[in-house]
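Before anything else, here is the set of structures, which you'll find just below.
The two complexes that follow have subunit A in common; it is paired with subunit B in the first and with subunit C in the second.
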Partner chain A sequence: MKALVCVKRVPMTGGRIVLTDDEQAIETKHLGFAISPHEECGVEEAVRLVEAHGGESVVLTLGPPDAEEQLRDAMAIGADRGIHLVTDGEEWDPEATAGAIVAAVIADETASGPFDLILFGNESADSGGFQTGLRVAYALGRPCATGLKAVAVGDGSFRCEQEEGGGRNVYELPLPAVVTVLEGLNLPRYPSVPGRMRAGRKPLEASTPERPASRLERARLVVPAGESKQAEILGHGADAASAVVDLLEQIGVTS
Partner chain B sequence: MSTFPASARAVVIGCGIVGNSLVHHLTRLGWTDVVQIDKGPLPNPGGSTGHASNFIFPVDHSKEMTQLTLESQRQYIEMGLNTECGGIEVARTEERMEEFRRRMASAKSWGVDSARLVTPAEIKEFVPYIDESILLGGFYCPTVSVVDSLRAGTIMREKGIDSGGLQVFANTDVSGMDVEHGQIKRVRTSRGTIEAEVVVIACGVWTPLLAAMAGAHIPLTPAVHQMIDVGPVPRFETSSSAIEFPIVRDMDVFMYERQDGVGLEIGSYAHRSILHDPEEIPSVEEAALSPTEFPFTQADFGPQMEHALELMPEIVGDESVGVKYAINGLISLTPDGMPILGETPEVKGLWSAAAVWVKEGPGVGKSVAEWMVLGESHIDLHTSDASRFHDHQKTRAHTKARAFEAFPKTYGIVHPAEQWSSERGLRISPMYAQEKALGAAFYEAVGWERPQWYEANAPLVEHYGVETREGEWDARWWSPIINAEHLAMREHAGIFDLSAFAIFDVQGAGALDALQHAVMAQMDVPVGRVVYTPVLGQGGGFKSDLTIMRLGDDLFRVVTGGAHGMADRKLFTDALPDDGAASLVDVTTAWTTIGVWGPRSRDILSSVTSDEVSHEGFPFGRCRTIEIGSQLVLASRISYVGDLGWELYVPIEQGRRLWDVLWEAGQPHSLTACGIGVYGTTGRLEKAYRAYGAELETEYNVVEAGMQRPKVKEQDFVGKEAHLRHREEDPAAILCTLTVDDHTSSAGVKRYPLGREPITLRDGTPLTDAKGRRSYVTSAGAGPSLGKYILMAYLPPEHAVEGSGVLAVEYMDERYPVTVAVAGATAPFDPENERIRS
Partner chain C sequence: MNLCLVEHLDGVATDASLQAFTLAAGLGGETHALVIGPGGAEVAATIPAAVVYVAEHDALDAFAPDAWAAILCAMPSRTGVTAIVAPGSARATDAMARAAVRLGEPLAANCISATPGNPLLLTRIRWGGSLLEEARLHTDCALLTVVPHTLPAVAPGSPGAVERFTPELADADLVVRVRERVAPPAGGVSLTDAKVVVTGGRGVGSAEGFVVVEELAGLLGGAVGCSRAVTMSGWRPHTDQVGQTGNKIAPEIYIACGVSGATQHIAGAKGAKRILAVNTDPEAPIMSVADYAVVGDLHEVLPAISAELRRRRG
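== the complex of A and B ==
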């Protein structure tokens, strides 16, 4: 199994999201960065597949020089090597991103053989285009299943499950294939200290692709109106106990 | 929640460990109208308390810090929130083992008797998951503990609320503070405006922003301390409590490791200094974790992982143990590493309680509350005093430069005389070029470049046969030239640059009364007298000691050491009458001071002035203006080195000329340039002159220091009542001068204690006086004219017996016999003061 997982460096939000003054980006001066949560599961899955079936897991990102941090994070989990398509930090649209990834995939496959599986997150945590995986699959002419919550290697095929209403759609794809996955696919492991130390020594290949003219133009970002949080004090000390119990019953956690 | 009050006696801003402790102690001491606010939610408003590691290692080389820490631990124990787990500082190098031997001295001096040195095998027994093969030994303290600082804060707030004297408002933003006529008036908040007599800023890393709202400076900078949490650790899964194994400080790589439930927390002070500005801290709403938990920067933690792996391979090398949490936590760093406590010098009624860690938080809260309510803290807080900073030390650039330099020394081995390398060359005396030409070894004194000794005097070392020091630590930041300069001064004369003095003129019709009330000595003296006086706190302990010249009926010039100069300026400013009848002008940088002392000093001075300088014509303790060439020089006949001579004051721009004139006139008299090594140590100690911050602290009184005068002045003065009481009592300790009988260590090396070491019986038993205070070395240094090494220490009366040879000084875990040379203030050198009065 040779698996590629594509990840994106995104701001690690948790508090109120603030936009830059020009409304073109999220203000990140207070924020750390991480791999999009869907893609974290993709990395974990790629590592597990290789642990189970042998082979090689490769992690790829298109992003600024600092995105090496996310490649090292993935390698700390267990990815064997990294491919960094270095940008100047400007956001690339999905079409341009997919084009650069396709070129990198072809180059890597020419040098070291085809990927059996290419994993994407269903959508990135920041721009949420939902397109890159599909565009790569289409350009490579490979089958694709999206929004997956479970995957498994079958006998000569690849089993994928999507959640749909109350049930699941199950697909079997021939390999090589492209899949996009959702958070919940697995529980990603925490990196160990030795894993982190190894990650720093693993091979990382960097190149700087040409950015094509974009056919998309971002007007501006808008932070959606969130639900306003209202705290209600149920009482103080022991007197509050019955109100708390009522609430717990109401939200159904006491059964 | 009750409505926001329109006024309060005290508004405490901040619900971290310090603010919470402070409100508890304020209400405990009887204040009934206290309001506490914080912009964050409770119980964790998002400051540094919320991410603190919460462990307490009690032993510190600083007495003040150890006392605050021990008091805090006592309070945590009282609240049932102190889990004693023990702690071991481990050494990978021999230098660190030597530091641990020095730490043993501090432990005994400050009364932490359970501390002991342990072998690698013993460390392994305490911490079975450690690789002891890379260690040389450790410093084990069984009372090291982990506390619950958030719970403690809640309990203390609740105690305040239950007393009826405290109201607490969370989620309350401060938008401004109003100051009128130099006095804090009100705090403007998101809930409304509140009038207050006193406002305390206990806002940790945000403190400078709050202070700026009132026009005050509280110089601290937010700095990053990295920590990660790994787990689950299989060995900890069966632990019955959150911490069963001692905390390990891996001192040589500036890291610590501690069990935290099933996890292991690894903290580091080894990374580069990462400083921030308070403005950069996000709001509670914007922060991904909490405002003071910044995103972890993995690249800064690389070597630390390897070091942790070396020390604890069983856990850190376990592939199943993951890094579950990693932050760049913000802490507060100050220019000198100490907290910032007390009323700000800029705004009356505006107090600071900042740059405090969880380990000393409750002790700080209690001490600051005592200071606010009772006028004086039980623990002497002078090294944390908010008024200690000179102007340049309040700047952001200075604060950051010093914090940047100090951060890597958090677990470092820091020599007591170690000099800063950043922020040098700021204050240059007019004699700087001459001093540089003489090869001055410049030390820094509150920004001044001040010669400690002069390399040009190196030939005197051989001339006088001065021995060097064999121990590297003893000889570090020291030179035998100091002793040679001393002997040259005693034989001929020495010239000293004293530009670092802080000088204030107190003037006006009310000046005499103000000073009379502020200081212990009689100030109603004839014009032209110089008065040396202690300044007391209301408890009769020392707040300062200094000299005051009476230059006119309504003009007094206060001269004090630069180090304590700004605190003294506040002290005297506070002593001024409200009606404006007296004022204080800081003339520090208007005057420079040159000292000339030694048996030939009169010959030198008389050769450059036609004014009267004979003993009869210019007696000791007098000051007057004399002419030296075209310069009018204020000459003051006093001495801190115990020899005939004068302090000479001229406008600062004329200092260089005065130096040149004296230098030239001194050549036929073998005048030697002498550094502060002579002025502050050897000359002083031979005369048993006490120094503020060493011998003189609020913990000790005038009688114990042997400084009582035959009579107490009639006029009232601060501390008089206590002083009168002390005169009636038998002193619990007596300040003595001791000499070291034998310097030879077990390795055959002559060793020289540097100060703060315990004085013990020869078998190592510590001495404790009736007030529970340990005997320790307050000052140490050579007495070249005596041919002895001198120590000063307060001893219980039964041991303050001249000639007594039952005591020892404990240095680097060995004991050296000492003899009590003098019990009391009499000088071991020239006890009749004939030289000064010649």
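== the complex of A and C ==
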């Protein structure tokens, strides 16, 4: 099993989103960054598949120089090597992102053999385009199932499950395939200290692709209005119980 | 002319599809609709479009996203479409993304408004709705999905005409196709349908600590939710998570205990009619999104609320 997982670096915005003055991005001066949650599960799954079946797991990101942090995080939980498509920090749209990833996959496969499985998050946490994985799948001519919450490798095929309407849809894909996954697929492990030490020494290949113009052009970002209110304090500690139950009765949810 | 993909469930067009239709109709010109799969003809009779196309094919009894994309792509040449609009459901979004690749077009996912023109002016959501993006879409055939539950649904009505057709599907369009459907588990109140949701966050402190959350949810006939901090600690399964990468809930009242109120958490609770926060910290961000609050330790407050409910019931 040779698995590639593509991840995106996103800011951990916390309680309030603040924009830069030009309204083009989130102000990240005081924020930490993480691998977008769906992809974090993708990394864990790729590592588990390789632990179970042997082979190699590779992690790829398209992002600014600092996104090496997320590649090292993925390598700390077990990915064997990294591919960094370095940008100047400008946002790339899904078509451009997929184009650069396809070129990188073809180059890597030519040098070191094909990937059985390429994993993406179903959508990125920030821009939420819902399409990068599918674009890569189409360009490579590989089948793709999206929004997966369970995957299992069978004999030459790949069984995967999607939640829908409380139930599940089951697919079977021939390999090689591309999948997009959702948080809940697994519970990602925390990197160990030795894992972090090893990650610093794992191979990482960097290149700098050219960003094409976007046909879906961002004009500006806007924080939705009407979010800020001041909660009415019903009381403090256990003494508030009576006021809370009054409220619940008033809404009509107590019987 | 615009085309709206209308999904249907149990013989009825989904609300999200009828909301997408509203956006499509707002783009001006005629709005046509496309209905795919068994039962489509009955659904077509309720859609107030100039023409409703019904794609019928033996292979369409199970969802096959590439087949849906193939059908969507056959439509522009069929009818001279300048925009294809679909609901932002998982299925429709998947099919639209595939159609976008096949047509060589961008896809603008999760729009809440569109102003006609070239470029088309769009507002779409980011961060599960915590942030909006105003964008310009430069293309002759705009592909858009619409965030569910933000626009009013078009009222059902009779179509001008219904045209049934059998699409041509290649074998490759049927490689990815639902093989098996596992029915939802019976019983229990589902988080997404519950009238009351009681959520515990990191402030609950442990898996065992959820006893007080479960007790209150049980007394109110509600469901238990949790934050991502809880899921990541392994205290509750991810199926309980509320938020951008968890469940989107719409209860009469959302009782969020020991939850700080991160934007990604609140993104899942935007449909809640009211929010009651229970938190030791009067400055927690949740205090500015909640309608009501109790300042205090949830391990004291929740048992007291449960006891008061029991007392009043006698």
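Worth pointing out:
One rule holds in what follows: the second predicted complex is superposed on the first by the 223 of 255 C-alpha atoms of A that agree within 3 Å, B and C clash if a C-alpha of one lies under 4 Å from a C-alpha of the other, contacts with A are read in each partner's own complex, and residues count from 1 in each chain.
Keep this in mind: contacts are C-beta pairs under 8 Å (C-beta built on N, C-alpha and C of every residue); 3 or more make two chains touch, one makes a residue touch a chain.
A quick note: this is a predicted structure, and the numbers were derived from the prediction, not measured.
Of the two partner chains, subunit C is the only one that A:G128 touches; subunit B does not reach it. Once the two complexes are laid over each other on the shared chain, residue contacts for A:R16 go to subunit B and to subunit C alike. Contact with neither subunit B nor subunit C is seen for A:D155 once the two complexes are overlaid on the shared chain.
Judged by the touch definition given at the top, the superposed model places A:M197 against subunit B, while subunit C stays out of reach. Of the two partner chains placed around the shared chain by superposition, subunit C is the only one that A:Y171 touches, whereas subunit B remains out of contact.
Shared-chain residue A:L216: touches subunit C; no touch with subunit B.
In the superposition on chain A, A:A240 makes contact with subunit C only, not with subunit B. One of subunit B and subunit C touches more residues of subunit A, and that partner is C.
Overlap of the subunit B and subunit C interfaces on subunit A: residues 13-16.
Across the complex, subunit A meets subunit B through its residues 12-16, 18, 29-33, 69, 72-73, 189-197, 200.
Those residues of subunit A that touch subunit C in the shared complex are 13-17, 26, 37-38, 93-95, 123, 125-131, 134-135, 138-139, 143-147, 161-162, 164-174, 182-184, 187-188, 214-224, 227-242, 244-245, 247-249, 251-254. Contact residues of subunit C toward subunit A in the complex are 9, 63, 65, 90-91, 93-94, 97-98, 100-102, 105-110, 119, 121, 123, 125-139, 145, 175-185, 190, 192, 195-196, 220-222, 228, 231-232, 234, 237-239, 241, 244-246, 252-253, 260-264, 274-277, 282, 284-297, 300-301, 303-305, 307-309, 312. Of all residues in subunit B, those touching subunit A in their complex are 230, 280, 282-289, 294-296, 298-299, 302, 305-306, 308-309, 316-324.
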